[in-house]
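Both of the next two complexes hold subunit A, though its partner changes from subunit B to subunit C.
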Partner chain A sequence: MTALTDAPVVVDEAVGTRRPRPRRRSLAWLGAVPFLAYAFLFLVLPGVSVIVSAFQNTNGSFTTQWVRDLFQGQFLSANVNSLELAALSAITGGVVGFLAAYAVVTLGRPRWLRSFVTTFSAVAANFAGVPLAFAFVATIGSEGAMTKLLENALGVNISSFNLVSVTGLVVVYTYFQIPLMVLVVAPALDGLRREWREAAANLGASATQYWLRVGLPVLAPSVIGAMLLLFASGFAAYATAVALTSGLVNLVATLIGNYLSGNVIAQPQMGQALGLDMLVVLFVAVGLYLLLQRRASKWVR
Partner chain B sequence: MATLALQGLHKRFGTVTALDGLDLELASGELVSLLGPSGCGKTTALRIVAGFEVATSGRVQVAGRDVTDVPANKRDMGMVFQAYSLFPNLTAAENVEFGLRVRRQAKAARAAKVAELLELVGLASAAGRYPYQLSGGQQQRIALARALAIEPSVLLLDEPLSALDAKVRVNLREEIRRIQLELGITTLYVTHDQEEALSISDRVAVMSQGRLEQVGTPAEVYRRPATPFVAEFVGTVNRLTVRVVDPAAGIVEHRGRRLETAEPLSLTAGAETRLLVRPEALVPSLAGADGTADGIGGRVVGTSFLGAVTRLWVDLGDGAVVAADVQSAAADAFTPGTAVALSIRPGAGRVLASDRSEADPVVAELPA
Partner chain C sequence: MSAASATTAASAELATARLRPRRARAPLGEGRARVAKAVWLGLVSLYFVIPLAATAAFSLEGEHGSYTISAYTQILSSSAFSSAFLLSLRLAIETIVLAVVLVVPTAYWVRLRLPKLRPVMEALSFGPFVVSPVVLAVGVENVFRKAPSWFIGSPNILVVLYVVLSFPFLYRALDAGLRAIDVHTLTEAARSLGAGWALTLWRVILPNLRTAIISGALLAFAIVMGEFTIASLLLFNTFGVYIETVGMTAATGAAALALISFALTWLAMGGLVLVLGRAGGGKGSVARQVQIGVTR
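Presenting the complex of A and B:
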């Protein structure tokens, strides 16, 4: 029973008071052993070996020469190209994908549209390599069906557009970047509560004011995070680039491929250094993504 | 402050009729609860008032001005939602400030208003916290402060306590009422909890299936339910099948036992009807030998201690179990197994008899 007092008593649930739990030894971690072993053998070990070899001379002694070479000549230009390709395809795919996801989530009608778009995106996001390259060459390549159609029907000539270039790769990459964005960002859009929009309107805000002060700030971590994932996938994508350009566009991924397939035999450690290069870029992108994701999940519970 | 009028509101969603002609007027500074079971159209009515939903027909007026066609963000109404309506990216203070920023108020004025409102809801110390760092009850306090910050003409609340723990719920509802009285703001409060509605309202509007069943003070609605629905929905009632003996004297009979209701009944002698009696109007007495005075014989099958009173569950012998309340101090005599006689409290106020059909029962009221 509660006692009655003459002063108003504010009783409220306590928040954030976590009692320290008594530590108990548990054997639950045993279940994680196979997974940890797997991760160690196939993720950590190769990673460490890449890092170690990237700093080793032919005779095994320590050197920073390979890593310094990354910032020179064709390696530097490969990095610039790869970063440009990753950034442009992430931004294009991110913006278009976001708008597409927004349309699908907010329209809600017809019912099948959402599941259709999700399923299609799941497939398209994984459509890469030779088939994707072929599809593009066959449609908008210099002899492509779309190129011919545009030229014959509308007199528009796009045959000068070169698919074998960074810009060309950006266009091709958006094919899987857009669906990837749709998949990653749709749940975040679902997290936008109707109450927020209505509370904002109720308080006098216009739709624009709502988006500027609430909608976009709430979505920002998810959207930027998703674009970082696109960036990482654009940087690391290999099969599509090779299939489309046969290595004619200088990229980090294709250079690594050259070392891997033994096309270049002179300095295997340079391949390891390029691997380290990619590892660092991916680590930064994914790390930022995780940071933003944590922030987003805190808000949208 | 302003009056609020809902006039002939109809709302259809496809084939569902959510509102079927709702008329309700709130006096300036009045707190009226819309009370009814889930799905009866309470939220729809509130959303039409707020401008989030367009009525199929009907008007909404604030202070005599028709606002039916005014967009939601131009209505100057404060709304508190059921839960999770705080902007997650803003602190408690920034949430409260939101409406003032939108109105382009000067910074100093905004800060003063925010401080005043956080003080009012007792959360001055939580100004810098984000919604996820607040408990459910605290979030609702901030939501209330945010709605009040814009000094709205009317305050609308849609089941603001239904997501909270029982104890917080009771506390916060008293708090809402205190603040409402302090500001004298016209308030429409939606709830499905009859205890909540009765405890904080000036008047209660009981709804069922898109229509109003009764509008009255909490005491009126409880003591003089206008319809069987109200009697059943507000408070606890017992249902007894009875036969009218003497309509003029208000005497009915339950399986041969006479029961006196206090008012004449507009039914003919011999007609069968249902008598609805509140547990506190049903007086149990110990039935010493068989056939003590008038009353319904039964046997106590269980008791529930409710504080000041104890509720007896009495089996009438045919499987029907009714509830009757006794003062807890006198409850010891009525242990399970005890034979009792139940009568309607002498002079039990007004009796409402339906003159329409036998399906409409008679309602026995509490003594005033």
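Presenting the complex of A and C:
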């Protein structure tokens, strides 16, 4: 997660070019060819093919019709739902996760707390997809264990809460968003040095002033960047949504899946256009994350 | 609930910081602030524990309020489970081997001789987050639709794509590992003693990157064992797809599988933390490597 360029690169360059052997250097590029070819074939090429196909008719001629259709009807509402889901789950997970990470980092004791939370976060952030969806169905679904327990013990009926909705998905996605936030933001919190706080206090700053003028400005790039990352993962998530909703909630990810698996036969090119749609959203979110990360790395050791 | 207690925690923290003169070794969180933080962590952990506990209870439900482990015995003895599980296990091992063979020499070589390529590698390591699994599946279908069936029609295609999904994690681990050792001196020492490139890589570089390779491999394992998106869109019956199929028919079975899958993830991540902890990777190293964990 370091900046794209850093000091060692310069050093390496100096060492690498110390020996003036032009023939060797031309051969050195060959060493990277297998990997680059692989990445081109199975990552870049598929990505580019989606972009190109989104602008093609079935006979191969150029058209912008599919892309224009993205802003209409069912496709527009899928975008609205997906953006809403990604944003809400990123904000909820971001705020809760940030405060949890802050608590863990500043509590310090007991010693095992930090490593336990990190491990658990690593597990929970990776516990996405189908199993996560089923866990929530088994918990607060209409027949879920928690639903029954609340009904029998307290007489509280939560069966009206619908997991198959954008709100339901937000509740489920938060399960992997919070730990993801903890993992991404904890190093930034480590970078917040105690001396700054003491220096501010010595200069007569109140705690509020410290946070407004020092703490938050230093943390802002990391926190916003982390939330953009959560946004991207919320927008791209497919497995959890499919397992939970079977496509009943209109989302970009599940619509793409419907086109690809042939559940929708009309206008097959819309699958490509929706793919482009997701590609653009993720590119913007991840790109902004990287820019902010570069800014944040000034403070994070 | 969350927002209110969060504010309490924050303001309590600010209040104590202002009112109390700090004792010599007093940590930042103190007294009331410590309590507020602990309460907050307790509330957050409820959100994580309840679904697991409820899923466990649900998976043990028998008829008329009784409890039974039949959901587990049925699954573990079914041939559909073992064939799907073994397929995913095979894919995971093949993915790890192919990824290590492809990425380790490249990362080493880039570090040693092609530093100008580092930004390209960094950019590619974010590729799978921009070309998400759904989009990758669409693109692969576009490009390889007419490829021979031993490739597109067999699980081999999944191995190839899982290597792409694992690449960011393996590369990040290797990059950190390579930065921690003096690649140039080690290489020159080995070469001057007469070792060829292959021997240098195998006997000198590889042992020094053991931690990085193992942690990258464990992350790849967790990814492959849980992967659903690409496998289901390209119509292969992996463990992830099997779990979803069971969910359509048997609710308690699905809950049991959710827990089994959770345990598998714990196994991989616990192993990761153990490996990194023994290597003394420091506080942030685990966090840095699993940061962008969600590729589903």
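By our rule, the second predicted complex is superposed on the first by the 263 of 301 C-alpha atoms of A that agree within 3 Å, B and C clash if a C-alpha of one lies under 4 Å from a C-alpha of the other, contacts with A are read in each partner's own complex, and residues count from 1 in each chain.
We take it that a contact is a pair of C-beta atoms (placed from the backbone, for glycine too) under 8 Å apart; a residue touches a chain by one contact, two chains touch by 3 or more.
These figures come from a predicted structure and were not determined experimentally.
In the superposition on chain A, A:Ser206 makes contact with both subunit B and subunit C.
In the superposition on chain A, A:Gln272 contacts subunit C only, with no contact to subunit B. In the overlay built on the shared chain, the residue A:Thr118 is in contact with subunit C alone; subunit B does not reach it. Touch criterion not met for A:Phe71: it reaches neither subunit B nor subunit C. Subunit A is touched at more residues by one of its partners, and among subunit B and subunit C that partner is C. Applying the stated contact rule after C-alpha superposition, one finds that A:Pro217 touches subunit B and leaves subunit C untouched.
By the touch criterion defined above, A:Glu143 reaches subunit C but does not reach subunit B. Put simply, subunit A uses residues 8-9, 12-13, 15-16, 206 to touch subunit B in one complex and subunit C in the other. Subunit A contributes residues 2, 8-16, 193, 195-196, 198-206, 209, 213-214, 217-218, 298-301 to its touches with subunit B in the complex. Residues 2-3, 6, 9-10, 13-15, 17-18, 27-29, 34, 37-38, 40-41, 44, 47-48, 50-52, 54-55, 57-59, 61, 102-103, 105-106, 109-120, 122-124, 126-143, 160-161, 163-164, 167, 172, 179, 184, 222-223, 226-229, 232-233, 235, 240, 243-244, 247, 251, 254-255, 257-259, 261-262, 265-266, 268-270, 272-273, 277, 283-284, 286-288, 290-294, 296 of subunit C touch subunit A in their complex. Every residue of subunit B that touches subunit A in the complex is listed here, in rising order: 50-52, 71-79, 81, 84-90, 98-99, 101-103, 122, 130, 132-138, 143, 146-147, 150, 165, 167-168, 171, 174-175, 178. By the touch criterion stated above, subunit A contacts subunit C in their complex at residues 1, 4-5, 8-9, 12-13, 15-16, 25, 28-29, 31-32, 34-36, 38-39, 42-50, 53, 92, 95-96, 99-100, 102-104, 106-109, 114-115, 118-140, 143-146, 149, 174-176, 178, 180, 183-184, 186-187, 190, 194, 197, 206-208, 211, 229, 232-233, 236-240, 242-243, 253, 256-257, 259-261, 271-272, 275, 278-279, 282-283, 286, 290.
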